[in-house]
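Just below is one structure, and these are the notes that go with it.
By written order: A, B and C. Residues from 1 in each chain.
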């Protein structure tokens, strides 16, 4: 068997087709890694600087009524995580910054994709895309003739006559091809790891662990593809048939299924139009929701007066405006939680449709896991958005609390820099590896099934393969 | 016996204007001279058999008449027209049957005939007429609508003949048409050639089959190393021990 | 004669080939599916546009009602939203939404219409940051993947189908031995291949065009015949390019397997690798400063503006004497001071934006220069432009909205500076956005160069194929 591995390895390396293809794929992989790294790093630096400036603006706003400060608000910038240089995921399509201000939860704005052209939209190529699309193609080109070709040339008969087992033969071929691929992929993985260690483009929880799991995911994907290609090569009557079938699989896997998932997910879980969404928030803000009406200022005043047993608002131990503003915040938050929560939940359900379709296209499982591990999927965008919103609410509570506690109704109250400074800055902790994987059980299961299924299919097909 | 070079090409024929004619036809492949100044004239109603070992230049001669390769020097004429100057016109006059008549396997014999006949300019023939032609060429009427993938080599050969008949070709170029056929199929084939000959078709047949050459040929040419080394007329074939002459020229 | 004969034979061969029938049938299903997706999307947008326009009418109606009530002696409903105040009537409450109707052929190509905003609320506070809003609510994952629309099928899948049905157009004839028999007839290889490919092109392009025209019929796109024509011409030219490329590769007289490998490689390079390489190169050569800097600039400008309001107002009035009206600069009202600050922020934003746009223009220019290398990029550009979902139409809309915002400000700012109140008499004169949509001729002009290049690539491949096929003989 050692001989088969060695022969196949040498054969592949001497094959002009493989040399050209792997030079192309290797070059694309390195260039996209480098480009991704440069971009992620500059984006992260920019975001970190902008975040620092935003904090600076907040602290240096001078003497102001806390509610004015709340209206002034602060911007939050989404950090680029360490592994985002491998897979930028949905980042170009999510906003990069959000304005945290009084009374409302804002959308994330500034989607990089909106600054790009349509041409850039079809032509985006990240390292992840090279790994997800082009490496499988390379595997197909290397493997389709492995058994079908030997059978056509009549060499299979000769090989088996030497007494070698079919399974040994197939395994030997698979290992030989894998060895040749490793020449391409291992250096790329090392370059990636070096980039991560030497100059991590951004923060992340346990980037190296994420990187190792990421490598494992791609390894499983490639192994599944290799086994599938071998199975088809053993089953097909001719090398040509094997190639046609495998190219068909590649087209469905990489081109058709991902886009079908988009429309299917929208059909199963429709999202409201931006207009409907905004009008719904507006309507609920005016009319109240869940049986809770919009806070009524005179009623609140009455209640406060009764609570503290005083006659006039001026005699209240708190500033009635601050209490009212906080009540309004809480009321608004309820509405934002309902609407944004529902929207995010819809996005997540749509994401599950993409994951479920991985049953026909393993790429979808790999893509989900890859983006998850790189920290560039919709869920981790939501994670940051939720953290930013929680920060906004805390900020508003502090401002309104200060107003309520430290001033009396009717005062002209100005707070100073101490208040701005004692408000903690936004500290965002990216989710842990466990959190990411826990959200992705479905994709892990589907990818695992593909891997096991493909290996079993290869074993079965090789055992039953005709000698020709 | 005269050497071919000393006589006018047409002299050996039946005296009618030649349909197939080669004048000083030569073909080099790199340094190899595949065909060396061939002079040949085949009149209507003649069956000219080219004998010779592999690589003697038989197929090259046929390819030159078909315009599949361009001559290094000399000319090939079909009905007086230079092949290299009149590709279309000359091809309208000839039919070609290769060693293996390869057809569209997924189509029936009739559909194949219809296609090739139409390409040859006989698109107006009705399916009924085409079926008759196939039957005339020796195909069973029941086989006409079968897919060609189920045909034997002999049956495909008959479709090739049918194409020639349908096209009303004046000249027929045959390249080893009987190799690989069983004796009965071979015999039927000879009869078909005989019938075409009698209609005035000029036939050029490259073959290894001495027996077939003797039986169907009105003239026989023996080739070696790209040269026509000898020619035998009708009477000479009838009497001569063809095998002896052939072997003698091979050992010269 | 030859052509008809070959076409008839090809039809028979096709009917006899089950695998090919399955592939063509599948392609037809995908075409219809893609069209259905596009139609659903276009209807969704049309409904939203309708709702937005209804919103415009409703806002005006509510304001007219309140103004009439106030005229009859009622109090304004809220002190802060008094419609008589020019900064209220011209502000968010009275804002007018400028809308871009879906492109006439949106059903065929979603293009940028799922990403870019197609309506903007315009009021006196509209400035450059207003154009930084998101478009339609959409899952970023779906935006990343892109839609399964006809444009996608044409750009990615059509070439693959073309290659699948024509990679062995000549090599198969040679491999099955029919080439010699065919070429012993009075026909040339060029004509036979041309006829065989014409048949396949007729079939494949016919399917795409039939489904396209069905979509156009269903969604009323025939009112823009120029766009329809452009769409069809691009589909034909792009498909023919791949057919001719296949003919060229076939004319090199190699095996079917070799042809298949080379053609799949060509597809990969022209459709996937080159566009990506061009984008990576443009990103590296002309990195785009992110919009993040705009946020910071806006903040800084507004901090400064608030502190220097009086000074800014004086300068504003110097720059815009036409806006001054009866205002005495020494005694500015509160509204005038606020406006001066707003204007200063706007100016600063315009500066930052124009720097950004200049950099972006450089990057786009590079992409545009090298897009000539990839027929896929050329086809995509013209297809979505013809559909009315390309970048140009959205940019045109945006610049008209900018001009409209300017018009809106000119209407209200003098009253703000003069601290005047407005009444119902101004309602009929309020500026209203009227889109001057691009004409078919504008689109055709933009499509001129890419289509010419696509045509040139087609001719180039055609000449290669013609020369190569001229060398094909029966004895290969």
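Here, a residue touches a chain if its C-beta (ideal position, glycine included) is under 8 Å from a C-beta of that chain, and two chains touch if they have at least 3 such contacts.
These figures come from a predicted structure and were not determined experimentally.
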Labels of chains that are neighbours to chain A and to chain C: none
Chain whose Cα centroid lies nearest the overall Cα centroid: C
Separation of mean Cα positions, chain C and chain A [Å, integer]: 26
Distance between chain centroids, defined by C-alpha means - chain B, chain C (Å): 63
For chain A paired with chain B, centre-to-centre distance based on mean C-alpha positions, whole Å: 72
Contacting residues of chain C [partner chain A, same complex]: 30, 33, 37, 44, 47-48, 51-52, 55, 111-112, 115-116, 119, 132-148, 152, 155-157, 160, 164, 256-257, 260-261, 264-265, 268, 272-273, 275-280, 282-284, 287-288, 290-296, 299-300, 303, 360, 364, 367-368, 371, 376-377, 380-381, 384, 390-391
Of chain C, residues touching chain B in the complex: 1-2, 4-6, 8-9, 12-13, 16-17, 176-178, 180-188, 473-475
Chain C-facing residues of chain B, complex: 63, 66-69, 87-92, 94-96, 98, 100-107, 111, 115-116, 118-121, 123, 147, 160, 163, 167, 173
Contacting residues of chain A [partner chain C, same complex]: 17, 21, 24, 28, 31-32, 35, 38-39, 42-43, 46-47, 50, 53-54, 57, 61, 75, 77, 89-90, 92-97, 107-115, 117-125, 133-134, 137, 141, 239-240, 243-244, 247, 251, 255-256, 258-263, 265-266, 271-277, 343, 346-347, 350-351, 354, 377-378, 381
